[in-house]
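Right, I'll just put the structure down here and ask away after.
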Amino acid sequence: MIVLCLFFLGASAALFLGSYSFDELWVGERLATSSTAHLFGVDSFGRDYLTRVALGVLISIGVGLSVAMISLLIGAPVGVYSAVRGGWIDSSTGRILEVFFAFPQILLALVLVTIVGSGLFTALLVLTLVYIPIVVRFVRNVAMIEARKDYVLSAQLYGCSRFRQCFVHVLPNLWGSLLVLASSICAFAMIAESTLSYLGLGARPPVPSLGILLTENQGFLSTAPHLVLFPAVVLFLLVLSVNQVGDALIDKLDIKRHFVRG
Amino acid sequence: MSRSNAHRLVVENLSVTYKVRTSLLQKRPLHALRGVSFNVGAAETLAIVGESGSGKSTILRAISGLTSYDHGDISIDGEPYKPANSNANAAEISLVFQNPNSSLNQRLTVGKIITDPLHSRKSDESQMEVLHDVLSLLKLDHDFINRYPFQLSGGQKQRVAIARALITNPRILLLDEPTSALDVANQDQVVQILLELKSERQVSSIFVTHDLPLAYKVAERVAVLYLGVVVETGTRDEISLQASHPYTQALLLSIPQRKIGKHAVSKKLHMVGEVPSPIDVAAGCVFRSRCPIAMAICSEVAPQPVQLSATQVVACHAVSA
Amino acid sequence: MMLLPTSGVEPTLKVSNLSVAYRGGGSAPAVKDVNLDLAPGEILGIVGESGSGKSTLCMALAGLLNKTQCSITGDLTIGGRSVTISDPEDQTWLDIRGSKIGYIFQDAHAALNPLLTVQQILVQPQTCRGIPMDEAKERASQVLHSVEIPDVPRRLRQYPHELSGGMKQRVVIAAALVSHPEVLIADEPTTALDVTLQSQIIQLLQRIQLETELSIIFISHNIDLVADLSQRILVMQFGQIIEEGPTDRVLNSPEADYTKYLLEFVPRIETIGFHRGVEHWHNHE
């Protein structure tokens, strides 16, 4: 978790404090490795690499968080309502979900992008769309278990409206699972976005998404490996730390609630 | 059992059957309740005593509306009653679950938990008033309003559950083994409170338990349930001093020796086998497989309830009025 | 509190200054400074509510605790031999656990391996001690008979999920008895069972005790149940022994407040009687 925060802070700092813009050219120093002036070196066009990687990080984080939040915002209520409502609405939801999962996600994303067109924003939209069914399925499963518990049955008995049952009783009690789901989706979305931009279907140059950085510089693997190494390692660490964040947050938030018994 | 208006709750011929999957291709009927009839008077507590598989929890679920029943008639104060989960329903019947840890929403404060049934029915001020009333009734500290369930002990949590059940002022309170998850002192406290409730709030209760001495402490009348059939009903004195059904007698004899001050009869129980499966029960008396005096007729015809006195009813071929 | 051993007779089991604490808690010790004697052929009852430490105490006596999770201190002697109580994985336990001491678990469902047949469950503790298979199978049959399970050959081939609750508990008792133990520890064996089954199991234990003269430690939260079976009672609270003594004395003239409190709040039926002398159950002696 600390790592993630460091990343975020580091990337933001690099951008704000750095005196370089991401497409400023230092032609004379092309492909140079790390130096005091350019901590990550300079790429083939002469752009400061640290700036570009930092921006790439921000893009990844941004996409990851947005996809996670939006898909959860839309998918979770659907999942909870379906589980609480039961009956034919729930069975239909189940069937629809099954249809979605007949396709592999990335393939779905690729197809959609090909139809809609490329670009960072479109990539974001497409990914959100693809992840919504995942959220619905997951939330529906955990909500089904929660909705069978005594306190929900009790609410049902004293005439609590379905709406309240969903949003006052069931959903708040799922926060732990939702948090884990959110961090997983964030991590997956980051990788997916990098993949899409690597394939040229997401962000387009000169936007320095980490995937783009990999595409652009893979030809220089033997001559200037740092150009490939930095984004790859950074992406790896980013995803790793996001996965850890979910777990860490649950522990932290849970303990806070458990103060000394009155 | 006359159908007089003196009875607050009358249940007649209640049957609940589930279909369960016994093997990959087969589904068989599980007779949870078979033609159960009983009544509860105003400000009276009826204990329903039974072991596992007796259907005692199913009765509560059917009356409250959590489970649907195949046939049966329920009436409250003479009016026919159809269980439905609604605010209006809550004014008639409330249910207290066995485990206070799962019956309270861990994310809400005690105050919110207790007043939730009143949501959208009363203004905030009158909600607070009723809340304070019910907290005093349950001997709960008013400080608890802002506490969370995890900060309370088991006994306190169960009292919160009872407070929530009472806040809508129900005429009938259903309790599903409310003390079995509690330790001895808390158990006693809850029992005392339930006894006081009768006089303070005039509420009728059905107390389900597997513990006959506990039933005796809590209720004026007891109904003994075996495999979905009421085998005997009576006042608590009749059940303990004049038990006539072999199963009731078995229950009494199973009580560890020390609990009984003086045996009027000195018998040691020798009972074989266990409660048979409620799936696909054949015709005849449900108890015959373990009954020491089972006769030929017991395998063919289910015994009809016989009135032994104004309050005692038993269903056994060996006992006649 | 020191217990006076039955005069002259060497106790089957003796533990002094037993304390158990769960590590990494900082919480109160589960068992605090307990001294306990068990004479041969004696039934000792331990009563306490949940959290009193009664189960932890008995698991320590049987070497069933995990030494990385708890720290155990004290001196334990079983059958005259000293056993390293602080280390349940120590050599001294090899002959004792599962052999000299049999343990009956509360939750029969969790105590039986669902992947093994009843016969395999009963044969394993024997074959791992070097008893030949034939003899082990014979003993398995024999012990199932002694716990009053009907139709033994069929039952031996069944898996736990095919057995009813009461039947499972009998198999657990059989597994505890299979290696001819000297001490049987019964940890709330009837708590999960119906009340009519409970009396069957209690009668079974009484009968087994008469036949084999083994010592039994019987644990329950139900003081009347314990009193029914035991000759001596220990009352535990917060990991300590609050009171001990012969059953009659403890129940009729309790000294400790906690014992009085336990006795007072338990619901009782004072007298029972049957309708017009209609007595269906025959005497069974």
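Labels for the chains are A, B and C, by order of writing; each one numbers its residues from 1.
One rule holds in what follows: a residue touches a chain if its C-beta (ideal position, glycine included) is under 8 Å from a C-beta of that chain, and two chains touch if they have at least 3 such contacts.
Because the structure is predicted, anything quoted here is derived from the model rather than measured.
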Connected chain clusters in the absence of subunit B: A | C
| item | value |
| --- | --- |
| Central subunit by CA centre of mass proxy | B |
| Of all other chains, the one whose Cα centre sits farthest from subunit C | A |
| Subunit B and subunit C: spacing of chain centres that average the CA atoms, whole Å | 33 |
| Whole-Å separation of chain centres (CA-atom averages), subunit A against subunit C | 55 |
| Chain centre separation in whole Å, for subunit B relative to subunit A (CA means) | 51 |
| Contacts with two or more other chains, residues of subunit A listed in rising order | none |
| Subunit B to subunit A touching residues, read off their complex | 64-66, 85-90, 94-95, 97, 99, 102-108, 116-117, 119-120, 143, 147-148, 150-152, 161, 164, 168 |
| Subunit C residues touching subunit B - in the complex, by the definition given at the top | 49-50, 164-167, 194-200, 202-203, 221-225, 227-228, 251, 261-262, 265-276, 278-285 |
| Interfacial residue positions of subunit B with respect to subunit C in the complex | 51-52, 183-185, 187-188, 191, 210-214, 216-217, 240-244, 246, 249-265, 267-272, 274-275, 291-293, 308, 318-319 |
| Parts of subunit A lying in touch with subunit B, wherever the complex brings them together | 149-151, 153-161, 164, 168-169, 172-173, 257-258, 261-262 |
